[in-house]
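Each of the next two complexes has chain A plus one other chain: chain B in the first, chain C in the second.
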Partner chain A sequence: MKILIFACKWCGLIGADGAGKKRIQLPPEFRVIAVECAALVEPDAVIRAFASGMTGVAVLGCHLGGCRFNDANHAAIKRLELLKTLLDATGIGGKRLLISFGTAHEGYQYAEVVKTFFEELKTMPSTVAWTASL
Partner chain B sequence: MSGIAVFLCRCFGEVNRVIDLDSLQKKAERNNDVVSSAVCESLCLADDIEKTASRIRESGAEKVVIGGCSHLARGGAVVDALVERGIKRSAIGLVDLREACAWIHKDHPEGATEKAWDLISMEIAGLHHRRASDDVTVSVCPEAMIVGAGPAGLSAARTLAQMGFKVHLVERGSNPGGMLNLISHVYPSDEKASEKIKTFVDEVDKNSLINFYPKAKINSITGFAGNFNVQVSSSAGEQRLRVGAVILASGARVWLPHGLYRYGKLKNVITQMELERQFIKGPREVKAAVFIQCVGARNHERPYCATMCCPSSLKNAVRIKEENPDARVFILHRDIMTPGSVLEAYYRNALAKGVQFIRFEETNPPEMLGNERVEGVEVIDSVSGMKRKLECDLVVLSTPLIPNDDNVKLAHMLGLQVDRYGFFSEIYPLHPLETRMDGVFICGSARWPVSSDNAMVQGEGAAAKAAALLGSKAVSALSLSRVPGEKFGHAAVNAEKCTGCGNCVAVCPFAACRLQKMGRKSISRINKLRCKACGNCVSVCPNGTVQLPEQDYRAVAAMIKQAFGEESAL
Partner chain C sequence: MLEKVKEIARTVLAEKQADGVLGLMKGQWDIIQPHIFESPVEVDALVIEPKWLLAKMAMTVLRSSREGYRLAVVVRGCDERALTELVKRNQIEKERLVTIGIACTAEQAQACICDRPYPQKLDCGDAVAGVDPFSIESVKELLAGDGPARMEKWANILKRCIKCYGCRNSCPICVCVPCKLEDQVWVETGVIPAEVLSYHLIRAFHLSDTCVACGACQEACPVNIPLMALQLSMREMLRETYGYDAGLDPERNSPILYDLCKEPAAGQALPDWVNSLRKDDES
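Here is the complex of A and B:
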């Protein structure tokens, strides 16, 4: 299991910090890249992550209307939802990209999002076969 | 490739209880880029920071990776302390080994150690590509434009002029005064609205620092904090203004209750504003009056309380009672909103004067009786549950204030946000008079419905905030951060690669990007002082022309490559 999380500095990362402070136990197979805003997550970067063998990619941003950059996360969510359909078309599966806005700004919420994503990815077919052939 | 120094913090055992820091240090030493590495007891203590800084200097490392606690805990303070000691902020990478690793993976020490090393190598890889945005400093034009000459705008103009700043007061109508020109008396002082506004209007006439533009329309606003360029067409013709700050005091308008309570169909069913207009002409003869509160407010469509309708009804009910001592006056309400000691006393005064209050439920609104002119109101008293028939010859509907239609247009020009109703959004909760765009301030009912008293207070506050900007000689791009803490950076365009597609112009939430003709092609130009580094333009750029130097695509790609050890990379 390899999960990459792009966490917005103002929501996801604060949630990650809160989860740490509450000592909520999580599986260690995920890595977090902090971004200033979820809008900075390029669709290319998500595709690159899947190409490097990630099982899942998550983008955590602030809730719609609560972005520090006016409506930057509205644009981000549209872009990433579109990317999901692209991932479906390529066979990677849109469900491997978790887009979560406004659900990860508290420690327990963040932990819940990460845990559920782990559980969901476990039910999906393994990516080992096709990433090994690359 | 520049050398990197790696410092790992034990945090008094909090980190190394789970993560094997010594093995991490050995791995770091084997890395070709790392010139120095150390494990410390606690990096956040003053002498350890001193030691760390001198070690960095001795080793000749240009960049530093710190493995410790999160930015929110003590990590941010450690970075700040190192910046104070002469290390560039863009050269410091902070890896969260405590909150994001040790504390949440206590049960998996091996996995945690593996993850810790991956996080450190990600940061090392990312640091190679991290650069600092170049700062620009621009002088501030010490003049302000105030949009709207209502109570808020007038008090802001007066305050700024008293401080010695030149003020351009732009007004949609032909006279200053705003909504106070339309009403007879103001609550809670019960003084005449025209008298209350007189000192301010006189100030506009007398003070040479205040330029008044009647019948004005704002055609465009470009620029940034300290240097806004505004095109205004007023009765004096088209003008270009250069101002340092913009104060939005454009107010709000009254909602008209068409279709409710047979308004417009029955005679003598009027709104509060129409009653005010009749009061300006003189006393009004009334036998029995019924005021209905929360008409079109606190419902599904407009769930907010407009705050000024209850006191206005109290004011006018008492006035009717004083002018016609035999008249019966009812206020049908859903709740009487009179917060604060002054307004509560105002409510008690109305009770003492004999105004009767009847509470009704939102689901059972009062009904109008009569054919051509109103003859009575039927209401179910929610306290007793009884149906009551009130005979009357006047029904006054209290309607809320709603945002102006051009708020959205103004917000778009300035890169602001409006809330879901259309009022301008403040920076919630700590900066109530400021907006996300530096140099733009809001006050009065443009921000939220307020009474004239509160609008004047807010106007003074916004003027004080604007004065802090106008009084400074110059602003630098990196100091303009409307979010807490240091500004991350600003996007930069590679002029050679830009194809001028305009994607960035379309998505920028702050209207910081624009296309500029350069010979035969047009290229995108990003205003460093308007840019807030959200990265929207970066994500939509088709060929990676726009980049945030602090975290460009190469840095993210390098970090992804290292995310699960080198072997996972292609």
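Here is the complex of A and C:
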């Protein structure tokens, strides 16, 4: 199980930092990539992450209306929601992509989000069909 | 219908509405090929069958011709939508383009699984009702089943890919230079079959809000990958949530580029996953 988390520098990353400072126990199989804004996460990057064998990808951003870059995260959420449709259509499952805006600002909130996502991914079928062909 | 198209083409040329008409010509040895008719006399050789997407060709012609050269194009429904998208994306200057719209027959619509087999500016022929793609057996089968089953089905289909780039080259709207699919960062180069996920999903997603469902990718594919089916669910989602259809409204840009509160037109509901926004908007 591997999870890639794109965390916006202004919310998700602060949460991740806080979780670290508080030494909250988290499942170890996730990696965080800091981005300036969630809107900088191209859907292509999410696809690429799945292609390189990730079981789940999470995009954490600021709450809607609280983006540092005006309406950037509105565009982001629209794009990623559309990507979910594609993931669903090909059977990867839109649920493997977690879009969470404004829910991971504090350490404990971040830990909660990550833990819940882990639990959810555990119940999902494996990605063998895709990874075998890679 | 053919005579009427010829008549219109002659008028367009005679009245100098355009400097050339791009259409299909039955030339020597009955070979059918695209041709630019520049004088009314030539137009006799014009034919309208078979279906041949001319949008990308029109773009190339307009780019390489002298400034102010106006081109009339004989278009079907899908062609017109593609041209509209190209205009929206600043690939073609609107003022230099004239369209002569022709409608497809019911059989053609059935063969293409087309839901809008007629252009908006219809000059000849009668518009026939489209086919709902989700009522077609083959499409239903591809999109049926639960996650893993569908995943395996698609993995097996996409593994056939020989990475000829036919889907990209034939697509009237794939115009990016440089193309991400040729970039080592996104899709590993020199590997056959193409990386299943990266290549196909990146290509499909890039066209998510532009795909006009012309079916050119599918026709070009030498290994019969049903590429249209990848696009259909995204088109449906855009239609349901935003009421957006690629290529129909020249004034409206793709909704996924814009902010959630301003974009939905009056009377349109925000998608239910952002309902909390409404409060922000009102305050």
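Just so we're on the same page, the second predicted complex is superposed on the first by the 132 of 134 C-alpha atoms of A that agree within 3 Å, B and C clash if a C-alpha of one lies under 4 Å from a C-alpha of the other, contacts with A are read in each partner's own complex, and residues count from 1 in each chain.
One rule holds in what follows: a contact is a pair of C-beta atoms (placed from the backbone, for glycine too) under 8 Å apart; a residue touches a chain by one contact, two chains touch by 3 or more.
Not measured: the values here are computed from a predicted model.
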Which superposed partner A:Met124 touches (first chain B, second chain C, both, neither): second
Touching partner for A:Ala16 - first (chain B), second (chain C), both, neither: first
First (chain B), second (chain C), both or neither touched by A:Val35: first
Touching partner for A:Lys115 - first (chain B), second (chain C), both, neither: neither
First, second, both or neither for A:Ile24, with chain B first and chain C second: first
Partner chain(s) touched by A:Phe69 [first = chain B, second = chain C, both, neither]: first
First, second, both or neither for A:Arg48, with chain B first and chain C second: both
More chain A residues in contact - chain B or chain C: B
Touching partner for A:Arg79 - first (chain B), second (chain C), both, neither: both
Intersection of chain A interface sets (partners chain B, chain C): 43-44, 48, 51, 65, 70-71, 75, 79, 134
Complex contact set, residues of chain C against chain A: 143, 145-155, 158-159, 180, 186, 193, 195-198, 201-202, 204-206, 208-209, 229-230, 232-234, 237-238, 255-261, 271, 273-274, 276-277, 280
Interfacial residue positions of chain A with respect to chain B in the complex: 2, 4, 10, 13-14, 16-17, 19-21, 23-29, 31-33, 35-37, 39-45, 48-49, 51-54, 65, 67-72, 75-76, 79, 111, 134
Residues of chain A touching chain C in the complex: 43-44, 47-48, 50-51, 64-65, 70-71, 74-75, 77-79, 81-83, 85-86, 88-93, 124-127, 129-130, 132-134
Parts of chain B lying in touch with chain A, wherever the complex brings them together: 70-73, 96, 98-101, 103-108, 111-112, 114-115, 118-119, 122, 415-417, 420, 436, 482-483, 488, 507, 509-510, 532-536, 538-540, 548, 550-551, 553, 556-557, 559-561, 563-564, 568-570
